[in-house]
Amino acid sequence: MSRKPLLEVENLRIDLSVGDAKFPAVQDVSFTIERGETFGLVGESGCGKSITSLALIGLLRHPLSIGGGTIRFDGKEIQNLSQSEMRKLRGNRISMIFQEPMTALNPLSPIGRQIAEMFVLHKGVSWTEANRLAVEALASVRVPAPERRVKDYPHQLSGGMRQRVMIAIALACEPDLLLADEPTTALDVTVQAEILDLIRELSAARGTAVLMISHDLGLIANMCRRVGVMYAGRLVEERIADEVFRNPSHPYTSGLVASLPLLGARSKHGRQRLKEIAGVVPPVAAFPAGCRFNPRCYAATELCRVEDPGVTPLANGGLVRCHHHE
Amino acid sequence: MLKKLIATTALALVIGGVAEAQTPRTGGTIRFTAPYGSSFANLDIHTSNRAQDEIWAKAIHRALYNWDANANKPVLELAKEVKVSGDGLVYTYKLRDDAYFHNGRKMTADDIVWTFTRLMDGAKAYPGARYVRIIKGAIDVEKGQAKEISGLRKIDDQTIEMTLTEKVDPGFNFYQAMTSIYPADEAAKESFATKPIGLGPYKFVEYVPGSRLVAERWEKFYKPGQPYADRVTVSIMGEASARDVAFRNKEIDASILGPTQYVAYKADPELSKGLLEVPEVYTRVMGMNPSFKPFSDKRVRQAINYAIDADLIIKKLVKDKAYRATSWLPISSPAYDKDMKPYPYDPEKAKKLLAEAGYPQGFEFEWTATSNESWGIPIVEAVIPMLEKVGIKVKIKPVEGTVLSEVARSGNYQAFIWSNTSGPDPLTSLKCFHSATPQTACNYTQFKNAEFDKLLDEAAATDDQAKRIENLKKANGILREEAPMWWFNYNKAVMAYQPWLKGLQPNATELAIQNYEDMWVDASSPAAK
Amino acid sequence: MKFRANLVIGGILFAGVVIAGIFAPMLAHTDPVMDANLMYAEEPPGGAFWFGTDAQGRDIYSRVLYGARISLTVGIVSQLINTVIGVCLGLSAGYWGGWWDDFVNGLTNMMLAIPSLIFALAIMAILNPGLTSLLIALGLTNWSFTCRLARASALSLKSQGYVQAAKVLGYSDIRIMLTQLLPNMLGPIIVIGTLGMGGAVLAEAALSFLGLGIRPPFPSWGSMLSDARDQITTAPWISIFPGVAIFITVLGLNLLGDGLRDILDPQARTRRA
Amino acid sequence: MLSFIVRRLLQTLPIILAVAALIFVMFSVIPGTFASSMSDDGRSVLDAEVMARMNKEFGLDDPVYVRFGKYIAQLATFDLGTSFRTRQPVASVIADRLWPTAQLSFAAMLFAIVVGVPLGFIAALRPGSWIDTISMVSAVSGLSLPKFWLGLMLMYLFALVLGWLPSFGYGGGDPRYIILPAIALGVAPLALLARTTRAAVLEIMNADFVRTARSKGMSESKVVRWHLTRNALVIILTTIGLQFGTVIGQAVVVEKLFSWPGLGSLLVDSVTLRDIPVVQGSILVIVLLFLIINMLVDVLCAIIDPRIKYT
């Protein structure tokens, strides 16, 4: 095992093609994930965090495509891999859990079969063997009576159960990296914690690194060691999770943190800021000049409107992208 | 000109037919078509009066008489001879002793008695009843007052005596396929409906409802050496354009042509060699309702006849597939007056007549018509501008054939255009204009003329053939003059046949109905084997 | 915006037919009905007769132009009837529910089960062939899809807040249906109507073939085509031009319908073929 | 499952009854009678006596409500009545024609399915490609042609010009005879199926579970085979079921043109000749066929799609 990080993303750009024109939906995104580490990506919907994860697993589809930068997985650049080579990684070494457990499973296929596919695809076992493994996998995500449940169809399961099935599928081949794109957003609050515990526990047991994507900073804070905050296609801050909450550097991060009711760190000041900026992440084709956050930023200056801030390393580790970071 | 010559030669060849030219070849299949729209009604020819059904019936069945196409009259078929009593009412038939039904049983007088009695079953309303009704006592059977027809008597197995109610030639009644002779006992069985047994030259093999009927040679047919072909298939092909393709593709041996195809076939050097043209006994007319005020005036009716350029329509639209009509009786009728002239095209005269009748500005009427290309809306469309010129406006009322026949019978019309049988018997046909004939029968224009009635009554009563014909000619002349209808044309039936099909007969009553035993296919036919 | 080929091409074709129909009296050379002149029967295209003449000697070019009026009338009026029936039944059934809904549902299922051509054929036989009969026949037999759609939309819309609000405000049911529900389901209904117009033009041709179509004095493409089918070998132009006219019109309507669907009813590409 | 079918059959009962009542009412006001149709070509003259007897025999001189009562009573005993024209039970008249129509409709649908569904798949897998454009343009064109015109053209081309196939007729089981009418009849459903398939596949291609399948490392062909086909099938099957109705309806035209001895040509003949019992019987049988086929489709869909409950 090399000492290198499991995943290194450098200057990733994702283009959105509209006709002949291309707009960068994600730009200059760089981060690394160590083996076994849980890394969080947080931001409002539309900020580019989901498509970043899709880029990692090679599932961007027209009109989206990787426009530049490198993705290094286990020391190997994967952004230009052929489809068939990528397929060997997908599911096997990098797998993914999606947001909507309602629709992410094929409604016409028994869940056992959908799990078993993983073993047939990547382990080359027979269907009989794969079905047996599927029962085990189902048991491992703590679905009761897995022998019976494998024959069920997705619509017969609750949302939480379905997400467990998704986790079973994603972790079936003991991948090195699990991409979890808002895995609990669509679930009841009571179920959310169970699912998160499950992910944490199973990934820890298998040594799987997790890229946790969410708009919920609280969730990220609970789950992750390090956090990246995305805004309008850019990573605006990337730090140890505790630091982010204790001392957010970027005004946007401050806003997010301030809106967290659970942490109690809400200041009157911050709440009002967030109210002011509530609403719109700019659309991809209309990113403002300068700092992309400037129209919503309470601290914006003339400089912010003109010049795009670069990445600044922070004193106690981490990076921030702001002219006036605190 | 040359084309015409070829066509006429072809005609002559065919008419010359069986006797000369070649020796008939035995074997092969005659692939005939039934071109009149619908499928066959069923396999009981007694129930249908349609030409479509008679086409197959001619292969399987025979009636007491048959139509001799060349002599243009009915002749004895199942009887060897007939004796007529002095008053012309009692006919004694000596039946054939070599006629066998397809199950091998010999035909006897009982079969004829049984058949005619069956036709008079009042509960069944067989269309052939109207022909049998001329036998004395038949009506009593129809009304349920008698079990047997009193005027029909079996003398012995091969002799039968028939007493008529009036003096008519029963040949015109009993050559009809609707009166085909059935085997007495077998026809009563249920299986007869699916496997008919007859006396015809071919015996039934197979019927695919809606598609075709197949029959094979009946070895014990009474005409020696006949039939020639091994099989006859009759395919139901109502769609003319499809029939055209099939004929050109040599899938069928004969096809009845419409005007447009007639032109195309005449123009084709190969196809034109196989055209059989016959003046049929159908008269195409526009009937005018006398209860519609303008048409009650003879001058208006005449004006219509003057105003329409029928010759131009026949030439251009009907493509010469018709003969100009002078009056009701068609060219092939024995009472047709060759010297009679049709109404000339004379719009000025028409205007004058209209003015005299009190319609100098013309009038408007509603013309009921079907979509038939030879006697329907296409003709009306060509007439409209001609009538417009003399001030008469026309509104077309499109209907289906069924409705037309009902409308004409009920008098619920101002004018209609139709094709009607005007033969083969001139007396029967002219009777449709006798004042005693109700509109519901066939006096569709409620024609009423004392002189006409008298001529007809005399013709019916007389034994003098010449006088009869003379009377009928005169009556026909009155029709022309009185003009209850616009006399348009007599149909020229045209059948295209493949070069290998021989022995077709110029049947003026209906060209599509052929005696299959006289036909044969030579070795060049795709179905020669 | 993305270039919508089907919308543009369909629109152009359809607009062409509409223009031909509207300006037929100006564009035509002769009167399509009265100018029969047997002296010029079956002239091939060329000279004074751009498309040739038919068996009655009428100018086919003029007849095709006037035929556009008939075909458009048939398409538009019959679809209008269908749409009105379908919307009225479907909307009220979805909104009111209950026995009325059951009844309309049964009626719709029955209409779906009788092939519309056969239904129209029967109606034509009953009413006698002609334009009015055809409009009735085609207008009464093809509303089931519209009805289903309207019903489904009404069902999903009636629980929406603004409809509930309108109810609380005391709006009458009819008013709610017309002002709140109808505008929100119009898009897909227009799409179905457009596609149905093409179907009506074809149905007219099929009925003409069966001898139960529009009859003169109207020069309808279907009857022109059907009447000329025996002349395909001798005078092909008589049937080619009305045939092409039908093809262009129906193609235009189909493309237009597809294009409109992309815009007006994007989520329902698979709902109806 | 069985109870599902039984329940569905029971549900069709009111439809059948409604159709029966509707067509009875319609055809009781139709102008013309069978008797008057017998002289519609002007060839034969029927006398008033025979016509009156015919109308009596067929019960046409009874008042409408009496006829309706008789008709419903007949239907209740599964008796479709007696044909005016053939004088045989309507059921047997229809039975003779059912098989040819079934052959033709199934052949047409088979042609439509075998060509249309793969075409739609191919087009959807390469959206925007030339093959997509061509197949969709031809699909719309196929939808825009009058059927009899298309049939006539096929007849000319393949029978007369090329001489490959017979132009008309039933051919008594010879499969070459069914090809042209089946194509003429199948083009429209083919076009619709191709379009529906394409739309369905495109929609499913964008579904979340397909993305899941890809994220599993599945090849595109496995995605199509394992996850896409079954889902598309539900939509395609429903379309097929509905198209059967159209096909049976359009068969009227095609059967007439190709002299195909099916239910459609029987129906047209019977309408023309006012053989009302056969008309009513044929329509009822056609409706029944449609309902049965769609029930089968529903059963198939329920087998494929576990979300559909057997209700």
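Chains here go by letter, A, B, C and D, matching the order in which they are written, and residues are numbered from 1 within each.
In this section, contacts are C-beta pairs under 8 Å (C-beta built on N, C-alpha and C of every residue); 3 or more make two chains touch, one makes a residue touch a chain.
Note that the structure is predicted; figures quoted are calculated from it, not measured.
Among the pairs B-D and C-D, the greater number of C-beta contacts is found at B-D.
Central chain assignment: D. Criterion: smallest distance from chain C-alpha mean to the mean of all protein C-alpha atoms.
In terms of their C-alpha centroids, the spacing between chain B and chain D amounts to 38 Å. Each chain gets a centre from the mean of its Cα atoms; for chain C and chain D, those two points are 21 Å apart.
With centres taken as mean Cα positions, chain B sits 89 Å from chain A.
Separation between the centroids of chain A and chain C, computed from CA atoms only, is 52 Å.
Counting only residues that touch two or more partner chains, chain D has 31, 152, 156, 256-257, 272.
Each of residues 241, 399-400, 403 in chain B touches at least two other chains.
Among the residues of chain C, those touching two or more other chains are numbered 125, 128, 211, 229, 232.
Touching chain pairs in this entry, ordered by label, are A-D, B-C, B-D, C-D. For chain D in complex with chain C, the residues that touch the partner chain are 14-15, 18-19, 22-23, 26-27, 29-31, 140-141, 143-149, 152, 156, 192-193, 195-196, 199-200, 202-203, 235, 239, 242-243, 245-246, 248-250, 252-253, 256-257, 267-268, 271-272, 279, 283, 286-287, 290-291.
Against chain B, in their complex, chain D makes its touches with residues 31-33, 36-51, 53-54, 56-57, 85-88, 93, 96-97, 100, 152, 155-156, 159-160, 163, 166-170, 172, 256-262, 265-266, 269, 272-274. Of all the residues in chain C, the ones that touch chain B in their complex are 33-39, 41, 55-57, 125, 128-130, 211-212, 215-217, 227, 229-235. Considering their complex, residues 6, 106-107, 109-110, 112-118, 121-123, 125-126, 128, 198, 202, 205-206, 209-211, 222, 225-226, 229, 232, 239, 243, 246-247, 250-251, 254-255, 258, 269-270, 273 of chain C touch chain D. Within the complex formed with chain D, the residues of chain B that make contact are 36-39, 41-42, 44, 47-51, 122-127, 129-130, 142, 193, 206, 208-212, 235-239, 241-243, 245-246, 248-249, 251, 282, 375, 399-406, 409, 418-421, 432, 438, 440-442, 510.
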